[in-house]
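As structure tokens, here come the structures.
There are two complexes below, and they share chain A, which is joined by chain B in the first and by chain C in the second.
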Partner chain A sequence: MNPFYSVTDKQDTRQAQRLNSTTIAVLTIYGLVVLMIFGSRLVSPSLGGISQLMNVLYLSSFLVICAFGQGLVILVRGLDLSVASMITLGGVLSTTFMQGTNEGLYFIIPGILLISALVGVISGLGVTHLSIPPFIMTMAMGLIVYSVCLGFTEGTPRGFPAPMLNAFMQNKVLGVALPILLMLVFILIFTILQSYSAFGRKLNAVGNNPDAANIAGIAVKRMTISAYAISAACSALAGVLLAAYANGATLRMGDDYLLPSIAAVVVGGSSILGGRGSFLGTVGGALLLTTLSSMLSALGVGQGWKTILEGIVILVALIMLREQIFTGLQSMLKKPN
Partner chain B sequence: MTIKKMADSGLMIMVIYLIIFAIYAAVQPSALSAYSIQGLFNNSLPLMLAAAGATFVILQGGFDLSVAGTISLVNSIVAVLQFDGAIGAVGILGIALTVGILVGAINGFVVAYLKIQAIAATLATMIICQGIALLILRAPGGYVSDFMAYELTGSVLEVPVSIIVAFLVAMLWFVFRRTNAGRNLLAIGQDAKASELSGIDVARTKFFSFIWAGAFYALAAYFLAAQTSTGSPSAGEPFLLLTFAAVALGGTAFGGGRGGVTASLLGAATLVLMQKFLFSIGVSSFYTGMVQGLIMILAVLFSGAVQFVVDKRNIT
Partner chain C sequence: MLAAGMQPAEAKTEDGKWLIYLSLSYSGNSWQSEAANIVKALAKTPPYDETVELVEVISGTDPQSQISDYESMIANGADGIVSFPISSNALNRTVRHGCEQGVLFFMYDATVTEQCAYNVSYITSGFGENTAQALVNELGGEGKIFLSRGVPGNSVDERHTNGAMHIFNQYPGIEIAAEYYSNWDDRTTQQETSKALAAHPDVDGIWAQAGEYGAIQALLQADENRLVPMTGENSNGFRLALANEEYQAKGLSGVSAGSPPAQSGLAFKLMMEMLEGERDELPEDQRNIQYPLPWVTADDVKLCEGDTFEDGCNTFPGDKVPSSFVTEVFNPELLPELSLASALEGTPTPGATIQPLPAGVIENAPNEPGINCRNCDAPENLYELTTVEPTVSP
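Now for the complex of A and B:
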């Protein structure tokens, strides 16, 4: 047999296995989310309804947006620790520029996204061209951005988001809050972007093997930088929305999103080493974490136990989602054949 | 002495520290008084110990986010234990170390034997520890005995206790890195596969690196309680980023294999000194984060440049 054929064959099955394990992981997570939302009715009759589902979707929209950027950075073997500061930057810039009026809203938001993307480009440049470890680079950028926000606002962010944004956060269309619809559009576009577009495939290739990607003619450094830029812009967008939701920015508004953004990505079945991950999985991870936390709050569980349970869920998800388990499962399923 | 040895022994960071200290002392002459030196070291010690612990994990190529959770947890435990006097302080130290080692053992087991990525696994244990800390101590407060608050932050024979502790840690590392365990730790960081093939028990070495880390985080939390004479269930949060900044400043390579605990101790001390120095020359506290961020990037670039020079010499 021609040896070249056997090589292609092998790669094909590997691809199939990988798809399989990702699909199983994603399905498991969504199954858990559904189970938790509707199962919570057993614990308390006030839970488990459509309104609670909507609430969870609403609250998770912020996390979904920043977790997408985090997922892209993790996909290219990085880690973005500047998420919290970029959320703060987005919030502070939006309230400062909008000053509670709708004037100029249409260039302020793109402007904020552009500024934050530039910050992401700087992080990306540090990682790719100066070979600074990603988490050091993003952590340092985060510190710098945070301290600029702190100095710029002198400790207390002033101003208010545009009324139009406030209305956007509160209004509903056919009983569904607009941010949820925005999130659905976001998920649709970015699933295509990450998994089915040439851009996404290139990012996957870079994460899988940068050297091979380079040989294949992919501009590895440029792709990596764009992942950091997108992540920074996503976090800033989440910051703008959060400021509109809370009707004002605070300097610590991003703190609750840094670790959950990483957790959502890894719970969603992406490898923290890069090269493997799907945005739908990340969305599932974000939904799972938000559902868990809102369910535990609704049940009146104290902050301590709530935090412990969240940690345990992440740990269990990690242990369950190990690749060996899937390959083990597959070999078990294959044996009878 | 070659450049590489200088970088590894922490000589470089020591020089940086002394330069900053000299400028600081020139700007603020009162910095040289015994009282303010003691205060400076008392402030630095918790971060120094945390950075020392994280170095053990980073040297083998791992990563440990649980530093924040472990410090919060142990700090809370120390603050609820009401043991007085010297014997009480020793008893609390024992309990603190036990808890730290236990957290380290869990981390080590999950990472080394269940083969879960270190960042993800320690993220989970960190969150769990923070939760337990909240159960133990609901709000900042608690009780720290007078012995801990005064004697452990005081001096023995004119030498501040904090300097003695830091010196002992440096000595411990000096001995440890010459033992088989220490050599294995660095070997794994340099090339885990080659170490495995040459008969080093990689999983075991990784496991113990997390145990060392846990013990040092516990020590950091213990001295933090003594220094602030109070406890807090979120005491560890500021340590998360600063610890890695300190390790980076010390020149330890992320990815493992190069660096040392002594350098991290000095890196942490430099970070704290820098804060004091920036404050003393009137830089608004708003912007200290900016300077810290820039210094972190420069430190890593500098350490990378040293490595580049070393590699080039080795090849030619």
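Now for the complex of A and C:
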């Protein structure tokens, strides 16, 4: 055996380092969330407790679901601007089909997810086969879907969500609202899907380097299309839940989720250029944004300041998560050795 | 101008009908589509079905596109334009241009400051101050409250909030614990109220603009056994809640007031009567017409058995319309032609014919600079209470 060759020296440590920096990013985000929730006691003594945590978790659940889809699309180097319209589509379809009864709930919800996934497939086809920039393709699909909703409802979405869904949004088990439990289940499934399944690894490979992924035998186009389909279905699901939450659909119900869905992904440590990201980070990003907004509401600052502060916090979070800072930290830690 | 208005203008479309445009700035919520449907239903009710050609144009939320749409309507030879204007001052020049071409402009709900247009609106009727006083009365002059406002920077939201603050500021016992913009939307109201409740679970009352039903849901979400007095606008869900004995037992009381979609119907009928020569046009400084403020307390809520406001009813059963349905679509005195289908689908009521408006229908609105006039002074008693009396002294 060659004495100059040591297996341990040549071990590929790149994967370990990446994991490390992703873990640090995720931990930083959750640290910030915890800090903000406790810190909000300074704002109001009623804040910072378990009830505020529950409130933040509840309000985040819609954003978490659409941010998962957005995260997948960003992972494969795209951007989904049809989130708002797909939420509206989900809400409008659910109130239209359900008409305030529980009848057929079990095929209505899968049906809505299927319809919206098909819309996502069209976006994906446009991006992969017609080489339309994702930005433009999803914006166009969003406009079309929104206009179809407008034309179909003539401005007023009719009908109600199923009573069972209403009850689902309102009921609690052991003091925890059911949508929070649902969100936890989704977080588990989505994390496995994005980070620990063959599907997720292939998506990561496509985002990292589509050419290399292609050579490696991954069906790049099909993977990309599936990311758009999942994103559309996630947004529609958020729409179904929102309609149940507000007891009805409106055409503008998705507007507040498009930019936050992108912000949550990016604040959560994913690269906006694709190829890198973890869903747990995105969840942290969504929690951070919701905590911040609920804290600012409680502070009673004016609308202008509120938006400015939200912008500043997103910027600070992004700066803190910069790659250089991690490498800096790592080299600082290594120096003593 | 005056001369042209006195002699009945000639119908301008080829088939001899009046060419009327319904110009919306925005479509997408119940209120807007109900208001538009009312006009569509009236235009299909005899004899207008034979004499009116109604064309609907939706311009979006950008004043520039409504300006260019107005210009096209004027160029197409419109006889009248009934419109929800997106801005109180950006449209002025185009409106003036249209007036000079002999086009009648009737704005409903939102207003323009160009004096040649008619503004048919409840805005000046004191929603803000009267609901604020009602809330203060319910709270006995003391308590922590939330303000759930409309759209930031909108002149209507400012008018309402200024009126309300005029009252709240007189009561040192009233503390504004949180103030947030809910965009006149149920879902946003619910989410924003939830956030405010996390910080102030001990809130004593809520003053809300449209979207109020969301505030009730947020309260129930936070604590299913506790509601508080609140005032809001005219959603069917809110009225049903006010009259709900279970909710009353949990602490809900208050009043439903605010913007009635029926304003569009009054605007349209007034315009048609002027076009037909049945009613004289008004001088330019008297074209601000006030629509009375709806005012329904828990005791006043009365369910309608049929499809219209009969026998003083003012609310529909929950299985007939969505909770976000704005109830004030009818006015038995001014708009007896309408039924529920008119508001929901824009269809005329079978057998109905257009009834002339009562003689004394026009109530002049007070001047409000920036709302319905430009170079004018607001009256000194601008925020004087008109609908409710204070029951507690500051």
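Here is the rule we go by: the second predicted complex is superposed on the first by the 326 of 337 C-alpha atoms of A that agree within 3 Å, B and C clash if a C-alpha of one lies under 4 Å from a C-alpha of the other, contacts with A are read in each partner's own complex, and residues count from 1 in each chain.
The rule is short, and it goes like this: contacts are C-beta pairs under 8 Å (C-beta built on N, C-alpha and C of every residue); 3 or more make two chains touch, one makes a residue touch a chain.
Quantities reported herein were computed from a predicted structural model and do not represent experimental measurements.
Q: After lining up the shared chain so the two structures overlap, which partner does A:M139 touch, if you call chain B first and chain C second: first, second, both or neither?
A: Only chain B is touched by A:M139; chain C is not.
Q: On the A-aligned overlay, A:V43 touches which partner chain: chain B = first, chain C = second, or both, or neither?
A: second
Q: Just checking: does A:L251 make contact with chain B only, chain C only, both, or neither of them? Give me first, second, both or neither.
A: A:L251 sits against chain C, while chain B stays out of touch.
Q: Using the touch definition from the top, say if A:L150 reaches chain B (first), chain C (second), both or neither.
A: both
Q: After superposition on the shared chain, which partner residues are touched by A:I262: those of chain B (first), chain C (second), both, or neither?
A: After superposition on chain A, A:I262 lies in contact with chain B alone.
Q: Quick check for you: in the superposed arrangement, does A:A198 touch first (chain B), second (chain C), both or neither?
A: In the superposition, A:A198 touches no partner, neither chain B nor chain C.
Q: Under the stated touch criterion, which partner chain does A:W305 make contact with: chain B (first), chain C (second), both, or neither?
A: A:W305 sits against chain B, while chain C stays out of touch.
Q: From the superposed pair, tell me which chain A residues show up as contacts to chain B and also as contacts to chain C.
A: 150, 154-155, 303-304
Q: Spell out the residues on chain C that touch chain A in their complex, using ranges where they run on.
A: 27-30, 32-34, 36, 152, 176-181, 183, 185-188, 190-192, 194-202, 213-214, 217, 220-222, 224, 237, 319, 322-324, 344, 346
Q: Which bits of chain B are touching chain A when the two form their complex?
A: So the residues of chain B in touch with chain A come to 110, 114-117, 119-121, 123-135, 138, 241, 244-245, 248, 254-255, 284, 286-290, 292-294, 296-297, 300-301, 304.
Q: Under the definition above, what is the set of chain A residues touching chain B in their complex?
A: Counting only chain A, the residues touching chain B are 79, 81, 126, 130-133, 135-137, 139-144, 146-148, 150-151, 154-155, 259, 262-263, 266, 271-273, 302-312, 314-315, 318-319, 322, 324.
Q: In the complex formed with chain C, which residues of chain A make contact?
A: Interface residues on chain A, with respect to chain C: 40, 43-44, 46-47, 51-52, 55-56, 58-59, 100, 150, 154-160, 170, 242, 245-248, 250-253, 256, 293-294, 297-298, 300, 303-304.
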